[in-house]
Structure formats: C-alpha cells, structure tokens
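Two complexes, one shared chain (subunit A), two partners (subunit B, subunit C).
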Partner chain A sequence: MDMVSIKDRGLKRPKTERSLKAGDRRFAYLILIPAMTAFMVMVFYPFVDAMSMSFFQFTIYDMEPIFIGFDNFVTVLTDPYVLASWVTTAVFVVGTTLLTMTFGLAWALLMYQDFHGRAVFRTMTLLPWILPSTVSAFVWAWMLNGKYGVVNAMLLSAGIVDENIQFLSNDVGAMVAIILTRTWISIPLFMSFFLAGLQGMDFQQIEAARLDGAGNLTIVRRLILPHLKPVFLVTGALGMIGNLQQFDIIYALTGGGPIRATTVLSIEVFKQAFENWDLGMASTIGVLWVFTLMPLVVFYLRSLFKED
Partner chain B sequence: MFELRSWQAKAGFMALLLLIAFFLFFPVYWALSSAFKGNGELYQMDPTLFPNDFYLGHFMTAISEGNLLLQLKNSLLTSTSSALLNAALASLAGYSFAKFEYPAKKPLMLLILSAQMFPFGVLLISIYPMLQAVNLLDTKLGLTISYIVFALPVSTYMMYSYFKQLPNELIEAAKVDGASNLKIFYRIVMPISFPAFITVTLYAFMWSWNDLLYSMTLITSEENRTVGPGLLLRYINENNSDWGGAMAASFLAAAPVVVVFALLQKQFIGGVTSGAVK
Partner chain C sequence: MADVKLEKVIKRFGKVETIHGIDLDIKHGEFVVFVGPSGCGKSTLLRMIAGLEEVTEGEVYIGDNRVTNWQPSKREIAMVFQSYALYPHMSVRQNMSFGLEVTGQPKALIEQRVAEAARILKLDELFERKPKELSGGQRQRVAIGRTIVRQPEIFLFDEPLSNLDAELRVQMRIEISKLHEQLGNTMIYVTHDQVEAMTMADKIVVLRDGIIEQVGTPLELYHQPVNKFVAGFIGSPKMNFLPVTVLSANKNEIKVILHDGQQLSLNYDGRTLNEGDKLSLGIRPEHFSSGNSADISLDVNIDVAEHLGGTTYIYSDIAGQAVTIEADSDVVFERGEIKTFSFHLSRCHLFAADGRRMEAIAEVRVVEKAVA
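Take a look at the complex of A and B:
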C-alpha cells in the first residue's frame, strides 16, 4: 500500500528541483560505471597488485610469493646494473624530448608560414606517426644498417666518416639510433601541439614589432617563444611521460642491447617479468619507475585543470 | 608570419624546410624504394636512389609466405573493437564529468586521468596472470580488453572537453520537453558529437595499432598473432638478411591505416591536440 502511494505521488506532483537533481546525479554516476570498472580492473588493481608484489620474492622457482619486506628495494638500489638503467632512461628521455621539441617547433613555424605546397607537407607530416612501431623500427634499422645502410653511404660519400659505423652494435650508435627513431615518430604530434599554440598568436603585435624594425629571428625570440611558453611546459611534460614509458621502438631496434647499452626501465621491467619471470623484482623496479614518473604527471594534470 | 623579402631570409627558410623535410620523409621514401629493389641491387655498398627495375618479388613472398594477411586481420579486429569500446566508455564518462555536478566528480576524474602515471609495462605484470586466470590469455578478446588501458584516460578527457563546449540550453530544452537523460544522451548529444567520437576512436585505434609490448606478451599462438610482433618475429633475428621482404611487408602492413588517416587527418589532428593541451 505504501508503495502505491509513493508511486502515485511521484506521478501526480511535478518533479521538484531537488528530485530532478537527484535523478541527474544518479544518471551521472550510472554512466560512469563502465569506464570506472575498466579503470579499476585494468589499471588500478594491476598497479596495487604490482605495489604489493614488490614486497615479495616471487620467481619461477617459488610456488607462492614469499614476503621479504624491503629486500627487493635494497637489491635494486644497490645493483649498479639496474641503477644504470635509470641513467640510460634519462639519456634517452632528455635527448629525445629535446630533439623532438626543437624539430617539432621548427617544423610548426615552417608549417605556419603560408607557402605553396604547405597543405601537402602538413598532410605528409603525419606519416611517421601512424606507422606501426615495428615498421618504424624496420625502416630505421635498414637505414642505419652497418653494411648496406643508406646513412652510412651518405656519411661516407660526404667524407664525414672513413668506414661504416656499426650503429646498432655499439653503445653510442644504438642510443643514437633509438633517439633518432623516436624523435622521428614524435615530431608530427609535437608539430600539431605547437601549431595549435600558434593559432592564438596576436598578429597586430607582430606587425607592430615589424614596423619597429624587428627581424624574423627577433620576432621568434621576443614574441613567439614567450607566447608558446605554456605550451612548451605542457608538451615537454607530456613528451617526457611518453618517452619514459617508451618500449616498442627500443625493443624492436636494439632489444635493450648491445649488452645493456639501451636497457631503459621499460625494457628492464619487461625482461625481469617475462624473460626471467622474476615478478617480485619486476614489480619493485616498476614501483620505483612510477615514482619517477609521478612528478611529471602531477605537473601535467595540474596544468590541464588550471583553467577549469 | 615571416617576412621573406631578402634572399638570406628566403634561403634560410628553404634550407630549414628541406632539412627537416628530408629527415621526416626520406626514410619513408627509402623504405618504399627498397621494397621494389631486387636483392642484387639492395645489397650493394653504393645504394641506388631509384629502383632500377620495379621488382615485385618481395611483395609476393611477403604475402604468400608467412601469415601477414591473417596478422593484419587480427590487428584490425583487435584494434578496431578496442577503439570502439574505448570511445564508448570515454563518451559516457566524459559526458558525466562535463554536464553534471556531484561531489565526487573531480577526484574521480583525476583518478581516471592519473592512469597515465602507471607505465603499461608495470600493469602488464599483473594483467598477464589476471588474463591467465580467466582463460583469456592468448585470445583476441583478452588483448582487446587490455588495450583499453592505453587510451581511456586521454580519450575521456577529449570527450569531456568536447561535451563541455556544448551549450547547456540544448540539454535543458530537451529536458523541458520531458526527455530522459538517457534519451538526451543518445538522441541529441551523441549525434552532434560524432566528430569527437570518431577522433577519439582513431586516437585509441592508433595506440593499439602501434602496440608491440602487449600483443607480443599476451598473444602466444600463430593463429592470434598481430602484425607488430608478427613482423618482428619474421624479420628481426640473428641471421636476417631479408630487408627487401621486411620493407615490402612493412609497406603492406602500414598501407590500410595510412589510407584511412589520409582521408580523416584534418579533424583528427585538431581533435587530438585540443584534447591533450587545449
């Protein structure tokens, strides 16, 4: 009987502001469920699981994880080989991000200029970005081939080197190879970021500066770079986050070698987990890796939310 | 923007343009031209810029030997379904964040976005045994679900910023007419948000299409193998010397998506950049 009367009331009375809001809120939570579930199952749980696994010894020889407290962390932080992968990662991340941003900015400035054929260039710029990582790795491995590679042929004929460089089998060469390839892939995206940033430029300001006798380079330095500063910070953080996580290109090109010369954190964790099957160790390095990433992500999220 | 009156300015501009254009486009050209060279021409110390005769043998063997077509099909299937699934989840969540007010909104949104902090490699350590436990290891379904990890945070944000721009009056008007929230969402909001939906789908597709780590680890059988690991296993090993084949197979693997992006690139670039840096 109660049920009926409640139902009747709901039908007869016009919905009050309050119940409408409650209905909206229910709907808002309801449509959030699928994404939240996916997030919880595929991101949050795996991360918490990895966190806790870092306190256990769990290799292929252990039937069950054995709790060992902070031992994994001690092992990682005292192992010079593992610590070296932080340095390797830093070299890769800084090198790639700097090169990408420099070329991305230069290319965006060029593509902002109105010239004949610009549309074709802009369209083609996407190419490196949409190739599957394995394909990009192939393309560069072949270009940098130690015997028949076209890069070696060019360097030789220009007289820059006397004999072929074995890019992928020496430490520096392998690092150069992965930085170049990753830069090549990332330029299109960064060009788009900078192009989007350039849309907000104040043209009258540029015209005024030009009347005052400022040249092209002065305008870039005095007006364009300051205008792009916020874009620089956000894309810089975004680029570093992406490069800190990069796995595919490095694995396909060098597999982390020669020996350990290009073993960045992603490769290290992969090898520990899926080649040595040492899940405790892999998780420990993974957790430390997350802490390495955290400041950048916090910075990025804060700048995203600043205007909201 | 630049004044290119003096010859120095013109020359500087051209030099920079050609330099970066060479870096960006020459590798693609080189791969393509290598795919059409016979082995004799391919393996000589002094490489030729154009293929002497358009040799198609590498393309033939790339298709007839190995499983390239099957792998392409698997890649397209897993990438497309995960991209659509991702876009659907992101649309729902983005709409919730953009057009409703509730106390837990900001923390929940931050939570989803913070997923970028967790490297895919770390998550994989737990995803692997998880899929194993529910018998989804080495299945296309398992891979499809795992791919959601990649793009969901940014996709949600992209849909959120798109919905945010939609005028509230649109929704209010429909509400006055007595339409339910659900109806408003799929009859009014989604149809006008179709461009954003496509952008997000393409964005997510890119992630899974480019992936090597997950597809290499979570798929172990030849029958479910996708293109990335397929190419890697076939052409990169100790004694590989089939660069012509590798280039031809790469070209075939990349072609379908290059065509799609060429057609859709304009809206795509705008959508992605507005989502990530606004």
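Take a look at the complex of A and C:
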C-alpha cells in the first residue's frame, strides 16, 4: 500500500496554519503587555536610571546631576566603611541561609512524621511567614530587650548568664538578633520546600533501609539528603538572594547599628540615598549590589530550567 | 529455625479494625502466599510480621522469640517491596551492599556476599548502573539481590511482580520459586493474583476483610474450598455458581431443583435445610464437557466465545448468573448459538445460603427424574 498522506485520510491540513500560529503569537504578546508594562515602569526604567545615575554626582548641594565618570565607583571601592558593608552582608546572608536551611530541614523532618495533630502543627508553623515582617521584628526586639526581654530572663534563670545581655547594642548581639529574626521568619517557607521534597520520596525506601538496619541518622544522611539535593540547591540560591535583598527587618530591629555593625548593602543604599542625600553614591552601591546578586540569580534560574 | 507464628493478631487504625484476630503458623522453609482481594489486610499482615506496622493486639513470634515489639532490623527478615524501593542515587552494587555496610560488616564479607547474590541473579553486568538505567525486571532482581546478601531467616515479598508486564511476571515467578528451592528459607509472599498463589505456594492463606477464610495447599483450596468465597477466588476462570432450590432434605439426601426444572438428588446431610432454601451448585469452567455425556446437561446460549487456540472460553448467563465454560478448542462456537454442555455431579460443590461449603456424606449420586 502506498504511504497514506494526511490528505488521503481526509484530515485536511488547516489552510491557515501559519496565520493561526501568528495569531497565537500575537495573543501571547497581547497578554504579556500588562506584565511587561509594569516591569518596564517599576523595575527596568528605575534600574537603567540608577545605572546612569551611578556615573553622576548628585547630592543635596547639587542643583542637577554632574557627570563624573567612574569616580563614584572608585570612591566606593576604596572606602573601607562601604567595603565593610559587603562583609557584613556576607556574614548576614551566609549565617541566615545556613541557619534557615538547617532549621527548615529539621522542622520539615518533624512535620513529615505521622503524629496526632500534625495538620494543626503544620498550619501553626506557617504563622511567622504570615505576620508582617516589621511586626515580627518588633516582637523579636521586645524579646531580646536588654532590660526586660524574655530571652534574657530565660538565660538568667537557666544560669547561663549572670547579667542581662544588651543584644541590640553590641556588634555581635545585633548581628545575632537580625539573623535569628530573619531565620524565624524564613523557616516556614523553607520547611514547605523541604516537606514537598520529602513527600516526593518513596516512603518504602525508608522502610527498606530500616529493614536493612539503618538508623535515623544513616537514613537522613544516606537517603534523605541525597534525595533533597535539588531542593537544597534551589532553596540555597533562593535563600541567599532573599537575604541579600533583606531590608525591613534589619531596619526595624537595628537600623544598621550599633554604629555600622549591621549595615548591610540595602541599609547602606538607603542611608546614602535618604540620610546623606547622595543619590549618585546610592546608585553606585545599588549597581554593585545587583552585580553581587547576579551569579546567584543565574545559578538559580539555571537550576530551575534544568528541573524542567 | 525460622518458624513464624501469629497469635490473635489484631490491627486497628484509629477506631477502624482491619485485622480481626488472626492465628497462623508458618513452618521453617515454607513458601506461604497471602492472597485476597484489595483491602483484605494481606499487606498489613505482612508489614506486621516485618515490624513496619504496629500490632495493636496479639503476638508475633519468629523462631523462639516473641518479636511483637522488636525493631524491623532485629527480626532477621528482608523484604521486597512492590515499588522495589531501590535507592535511586546508588548504583546496583551500592544498593546491594547498603544493608551490610550500615550494620558494619567487614568489606571482604560484603564483597563476597554481593558477588554471590549477583551470580545467582545474573546481575554482574549491571553493577555500576543506577536504578533508573534498569528495566523493570532488572530492578526487581536488584531488589531481591538486596535481600539475599543479608542472608535473612525470612523473606517477605509485598506484591513484587505487580509492576511487571505479563511475560516478565511469569519469568520472575519461576525465578523466585527457584530461589526458594535454592535457599530453602521461609518465604512469605503477598499477592492478589491467585495464579501466582497457586503456582508458587506450598501453603496459601486466603484472606477476606481482615480474617483468614482458609489455609491450605493450592490443591486443597482448589478441591475443597471451605466456602463460596474461596471457591470463587481460587481457580481461573473462577468457579460458576448455579442457583438451586431445596425441594426436600433429610439426614442422607437433599433434593434440589435447577433453574430449568431438572431435579437432582444429592447425598448430603440436609438436616439444617428447609424446603425452599436457596443453595448454590458450584462447578468449575474446566469441568464442563461438550454434549450430554455427563450427569447434568445444560443448554447454554452463547453470549461471547473467546477462541484462544489452545482452549476456548464460552461466556453466558444462566438464571441471572454469569457462567464461564472452558470448551473444546477444536470446535468453533458462534455468538447466539445454543449448545449443550454437561458436567459430572462428582465435580460439583454445594454451598449453603451463608456461603459455607456442605460436605457430601458419601459418593454423590444422581437421580435425574424429569427434564422440563
């Protein structure tokens, strides 16, 4: 028998296939317009504007921006105080991300267990995430208060310290405070990621390992962690990006202080822009901040598309 | 010695009781199959033996030990799961050696055991592959290999072949049977497929709704099912049940009438029966023969005829009951034809209204009085 073409079988190839595809494409562009407009106006234009502003001197004393080439970049990259912001940011980002991932995973492992009232517990776990972050910041500021905070009360009554710790007015204490608060807020989201990952695991693997004689730690180390590896990569990148952008909690808790102990990049930009009114310098730091973020974003997007 | 003994084992999930007090003895070296429809509790029972499911009441013994509350790893058992449960990021070799590694066995012993298991299951060539690079049958063999290396006293199989295609299932069935012969260990095997049960088991345990309906060898279940459920479950295609009505009954004889008016006299103790009681006459598809040469003849209106070459299945409906007949493969049957088939009363089973199989008191005798 001859080869049967589409036409022979009575299935007519649509005459307007090309124009249909073009129509589809037009429709796709049409529904993209609102999002693209918002992106252009709210993100792209300010970013390009900030990029160009980084080549200008524009302070409260200047009537209009003065082009100064790379001077701002030279100033920023030679100013030890501003450079220290990168170190502060790194400490905050690495500390928070590691802590969040550890607790998020631990909590997910707990919530993965079958126990009475698990649904209620899981829901309650989401609370920190639902609370406005400034509210959480004030709750933690209150708990960490140097005179009557509950954390100090606990440490004192447990005999761990002899006198109140002034968390928010010493360098290390302030850093610990913002890391703890941010971690507390981020745990629910990370837990959800890890829990979703765990639920995608064949539970019989764990049962098989139990029969094989593996203990809890072995099961976590040799089965669960390898299974969650992709989740670790994505949440790690996502967590670092989120923490690099963090502003509200730090501003509400410490305002970047004491002195500059918790002045991360976001706070630095804010201070340059709205305390020193040096928009050129703020833009320069902002641009450098974006370039700091970029490798992580690229990594995140790549691992996302690899998942597909 | 790895005898397994269950004593009044009960399982409740919350308030729902799924296993209702099961007693069972399994001897060392036996190949025991738990069979039953979905939800009958066969997997739960197996998981309770494994220690993966808590026993609500009753005791589980393995050998001389009461293991009811023992950890799974302490019970000297190994289990093959339906999903195979291979560790996806580990190679075949790592999957097989995992159990020995985590229990701290010396490297030389691990290598020797893994090599031995690989030889038995012909896995040598696949050693460095990951599970996702294996076919279903190969994965199943790795899952079995993983249990062999541990040299357990008891092997448990939880529907291990249900994810395989028909051909592979037959092949693996034979391999598992051979393995049992080779190792001589106790094996407990769960399936809903009665063919697997019949072909592999030394002893079959038929379960329904959390109770044991019958325990016996495959042929015992085939020839002496205790009730209608077991009779219908064991054998393929399943047993036919023809409705009969009691005309009279006494200590030595029950007279019944078939749907078409044939009267039969059966040598059963009928003291518990009354006139008008509805009973079922069970006859297997393979016990029919063409024509009217046997004791009882039936005219069958053929709904569907399946000619499989070696055998032919006739499907029909008799008095509201679906009937299957295994017929002569040399004859071509047409849909809508009316043909006569007959069977011997000695091949029949009589089931009371509550499903219980009645015991014939002596040789069954037929007195055919009238044909309507």
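In the analysis below, the second predicted complex is superposed on the first by the 291 of 308 C-alpha atoms of A that agree within 3 Å, B and C clash if a C-alpha of one lies under 4 Å from a C-alpha of the other, contacts with A are read in each partner's own complex, and residues count from 1 in each chain.
Here, a contact is a pair of C-beta atoms (placed from the backbone, for glycine too) under 8 Å apart; a residue touches a chain by one contact, two chains touch by 3 or more.
Worth saying up front: this structure is predicted, and the values here are computed from it rather than measured.
Under the clash rule set out above, the superposition-derived model of subunit A with subunit B and subunit C shows the two partners fitting side by side.
In the superposition on chain A, contact of A:202 is made with subunit C only, not with subunit B. Judged by the touch definition given at the top, the superposed model places A:294 against subunit B, while subunit C stays out of reach. Taking subunit B and subunit C in turn and counting the residues of subunit A each one touches, the greater count comes from B. In the superposed pair of complexes, A:130 makes contact with subunit B only, with no contact to subunit C. Within the superposed three-chain model, A:244 lies in touch with subunit B and out of touch with subunit C [touch as defined at top]. By the touch criterion defined above, A:226 lies against subunit C but remains apart from subunit B after alignment on the C-alpha atoms of chain A. Once the two complexes are laid over each other on the shared chain, residue contacts for A:210 go to subunit B and to subunit C alike.
Look at A:276: by the touch rule set out above, it reaches neither subunit B nor subunit C. Here's the short version: in the overlay, subunit B gets within 7 Å of subunit C at its closest Cα pair. Common to the subunit B-facing and subunit C-facing surfaces of subunit A are residues 210.
Taken together, the subunit B residues at the contact with subunit A in this complex read 1-4, 9, 13, 16-17, 20-21, 23-25, 27-28, 30-31, 34, 42-47, 88-90, 92-93, 95-97, 99-102, 105, 108, 110-128, 130, 145-146, 148-149, 152, 156-157, 181-182, 185, 206, 209-213, 217, 227-229, 231-232, 235-236, 243, 246-247, 250, 253-254, 257-258, 261-262, 265, 269-270, 272-274, 276-278. Subunit C makes touch with subunit A in their complex at residues 50-52, 71-73, 77-79, 81-83, 85-89, 98-99, 102-103, 146, 150.
Residues 23-25, 27-29, 31-32, 34-36, 38-39, 42-47, 49-50, 53, 103, 106-107, 109-110, 112-113, 121, 123-135, 137-143, 145, 147-148, 150, 153, 184, 187-189, 192-193, 195-197, 201, 206, 210, 216, 219, 231, 234-235, 238, 241, 244-245, 247-248, 251-252, 265-266, 269-270, 273-274, 279, 282-283, 286-287, 289-290, 293-294, 297, 300-301, 304-305, 307 of subunit A are the ones touching subunit B in the complex.
Subunit A contributes residues 202, 204-205, 207-215, 218, 222-223, 226-227 to its touches with subunit C in the complex.
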